[in-house]
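Multiple structures follow.
The same subunit A turns up in both complexes below, where it pairs with subunit B and then with subunit C.
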Partner chain A sequence: MKTSTHETEIIVDTEVPMVRIIRTFDAPPNKVFRAHTDPELLARWQGPRGTEMRVERYDCRTGGSYRYLHTPCDEVAGEGFEAWFHGSFHEVRPSELIVQTFTFEGFPDHVALEKLVFEDLGDGRTRLVATSLVDSFADRDAFVASGMEHGVREGYERLDELISAGAL
Partner chain B sequence: MAVDQLSRVFAALADPTRRDMVARLAVADATVNELAEPFAMSLQAVSKHLRVLEDAGLVSRSREAQRRPAHLEAEVLDMMTAWIERYRRQAEERFSRLDTLLAELPDDVDPLPPRPVADGEGARP
Partner chain C sequence: MKTSTHETEIIVDTEVPMVRIIRTFDAPPNKVFRAHTDPELLARWQGPRGTEMRVERYDCRTGGSYRYLHTPCDEVAGEGFEAWFHGSFHEVRPSELIVQTFTFEGFPDHVALEKLVFEDLGDGRTRLVATSLVDSFADRDAFVASGMEHGVREGYERLDELISAGAL
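Our next item is the complex of A and B:
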C-alpha cells in the first residue's frame, strides 16, 4: 500500500511486517549522514513535535550503540510521557548505510531492525530509504498506530488548517 | 479503528487471492460463485477467504438476499489509508526540520562527528 502526496513516501507492506519511508533531500550524502550520526544535530530534528531529545550515548559506528530520551516540552505534549529508546549499530558505512536495532524501553522484548540507505543522486541530492522490520504484523501496526495516537494528541486543528490552506 | 482491527485488515490483505477479491468487489458486489470464477479454487476455499475479509470488517454480506452477495466496505480501506497518511505526515514533519538543518551544514562536512574523548584518554602523553 502506498500513499504519497508530498515528498515523503510511506510503504506499508502487506507481505512482511515492515514500513518503508523514502525521502529525497537537497543535500549530498555526507551532510544527510552527518545529521543522522551527530547527536547534537540529531536532537534538533528527530523527536516528534513538542518533545525534546536528550542523548545519553550515540556511538554511531559498526558495533556501537545508542540510548536517548524523548521528553515532553510543551503543554500539548506535556500530557505525554517520557520515553527511552536504545539500540545497537550493526553496520555503519559513512555516507552510505546504517543498519541498527531500535527498541522502545516500554516494550523491551520488541525490537525493530532498521536499514537506512543513503543513495547519492549525483546532483547534490540524496535519497534516503529507511526500512523498519519487526517480527509481527501486530507490532508493525502498533508502530504505525503510535504515529496516529501522537497525531490525535496534537489535535486535528492543524490538519484542518492544512486542508483549508489547500496544502493537502 | 482500534489497533487490532488495523492488524486484521493488514493480515486480510496480506494474501494475494484476497487482494484480488477486494479489487473485484471494488467494481461491484458479487456472490461466492461469481468470486470463484477467475480462480481455480473450490467454493469452500473462496468462502474461507471471504470470511477472513468479513472478520476484518472489509466485506459485509447481506443476510436477507438468497444469493448473499458480498459487499466491500470501502470506508474501512479509507480509514487504513488515513492511518498511514498520519504516519507519513509525522515523518514529513521530522524531515522538514532536517531540511532546515541540512541547509546550515557546510557542504564538505565530515559524514561522522569527531570521536568523543573517553575519560582519561586526554591525560595520556
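Our next item is the complex of A and C:
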C-alpha cells in the first residue's frame, strides 16, 4: 500500500497563548470531518503508534461531550499509564467546524479551547487548521514541551493510512 | 427591604486576552452556586434591569449545555432586539467551579472560555472570580467596549436583592 503523507505545521503564536496546527489531507472535508466525529474511526488513528484509544463517550454534536482513554497497546492490565481526556462540544457544523474544550485529567484545572476548521481545497483535499487556546503562556509552552508534537504528527500519519486504505 | 451591594471589579488582563470579574456576595458558596445553576433562579437576576431572560435549555452539569435569550421587558412582539446565547459546560463541581463556553449568536464564530470560581470566605460570604478568555485582544477589547460592564454590575445587584429577600 502506497501512503503519501503531508507535513504537519505546528505554530506557536507570539501574541496569545495558542498553538496552531495545520495539516493537509488527501480526502474531501466530509471524510476528514467524519474521521473526527465517528468514535470508531477516531480510535483507529488518534494518538501516536503503539497506543490504544478507548472511548467512554463521544457525542460529537453542538452541546454534546466526550471522554476517552489512551493507553499503551502492550500495557499490563492495571500497571500501565492511563491518560484520560474529556471535554464538551461547543459547536459542531458538519464538514466545516468543531469547537470543543479539552482537558487532560492529569491536570484537571487546565482547560483548552480548541477550534478545528476544515477548509475545502476544492481538489478533493482538505486543509485542517486546529487551534488550541489556554489561559497562560506557561501552560501553552508546557503543552508544547510535553511531546504532544510527536503524538499529533504520528496520529495524522495513521489518518493518512486510513485515507489511502479507503477506510473513510 | 435593605439591600447591601458590593463593588464589582472588572480587570482587563495585560498578558492574555482575558477579562477577570471579581465580586463578593453575602451568601455562602452553595447558594451563590445555585443562583448560577438553577435556570429559574438565574432568569431572575442575570442581565441588566429592564431585560427578560428566557431559557431554552440549561443543563448545568459536566458535559451539559445551555441556550437562552435576552429581550427587553417592554418589547413589542417581533420588533424588539433578541439576543441569543449558547454554550457548553466543560466541568461543573458543586459549590466550587463552573467551566463553560459562551457565544453571543450575533457573532457566532467568537467563542469565550469562561471559568467561575466560588471562593468560600468562611463567614457566610462568597467571592466569585469569573474569567473570560478569547483568542484575540481585539475581540476582548470589543467585548469590554460593548457595554457588558453595565449588564454585569446590574445583574449582580439583582442577585444581591434575591439574597436579601431570602430567595436562595
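Just so it is clear, the second predicted complex is superposed on the first by the 134 of 168 C-alpha atoms of A that agree within 3 Å, B and C clash if a C-alpha of one lies under 4 Å from a C-alpha of the other, contacts with A are read in each partner's own complex, and residues count from 1 in each chain.
The criterion applied here is as follows: a residue touches a chain if its C-beta (ideal position, glycine included) is under 8 Å from a C-beta of that chain, and two chains touch if they have at least 3 such contacts.
What you are looking at is a predicted structure, and each value in this text was computed from that prediction instead of being measured.
J.: Once the structures are superposed on A, label A:119 by its partner contacts, choosing first (subunit B), second (subunit C), both or neither.
T.: neither
J.: After superposing on the shared chain, does subunit C or subunit B touch more subunit A residues?
T.: With both complexes superposed on chain A, more residues of subunit A are touched by B.
J.: Quick one: is A:7 in contact with subunit B, with subunit C, with both, or with neither? Answer first, second, both or neither.
T.: first
J.: State whether A:41 touches subunit B only (first), subunit C only (second), both chains, or neither.
T.: Only subunit B; A:41 stays clear of subunit C.
J.: Let me test your reading of the model: by the given contact rule, A:94 touches which partner, first (subunit B), second (subunit C), both or neither?
T.: After superposition on chain A, A:94 lies in contact with subunit B alone.
J.: Touching A:15, do we find subunit B (first), subunit C (second), both, or neither?
T.: Both partners, subunit B and subunit C.
J.: Thinking of the overlay built on chain A, is A:23 touched by subunit B (first), by subunit C (second), by both, or by neither?
T.: In the superposed model, A:23 contacts subunit B only, not subunit C.
J.: Which partner chains sit in contact with A:52 here, subunit B, subunit C, both or neither? Use first/second/both/neither.
T.: Touch status of A:52: no partner.
J.: I'd like to know which partner A:33 touches here: subunit B for first, subunit C for second, both or neither.
T.: first
J.: Name the contact category of A:137: first (subunit B only), second (subunit C only), both, or neither.
T.: In the superposed model, A:137 contacts both subunit B and subunit C.
J.: Can you list the residues of subunit A that meet both subunit B and subunit C?
T.: In the superposed arrangement, which is not itself an observed complex, subunit A uses residues 15, 137 for both subunit B and subunit C.
J.: Under the definition above, what is the set of subunit B residues touching subunit A in their complex?
T.: Subunit B reaches subunit A through residues 3-4, 6-7, 10-11, 13-14, 19, 80-81, 83-95, 97-103, 105, 107-113.
J.: Give the list of subunit A residues in touch with subunit B in this complex.
T.: Per the stated touch rule, the residues are 1, 3-10, 12, 14-15, 19, 21, 23, 25-35, 37-41, 44-49, 60-61, 94-95, 137-138, 140-142, 144-145, 147-148, 150-151, 159.
J.: Could you list, by residue number, the parts of subunit C that touch subunit A in their complex?
T.: So the residues of subunit C in touch with subunit A come to 15-18, 57, 62-65, 67, 86-91, 99, 101, 103, 108, 111, 113, 115, 131, 133, 135-137.
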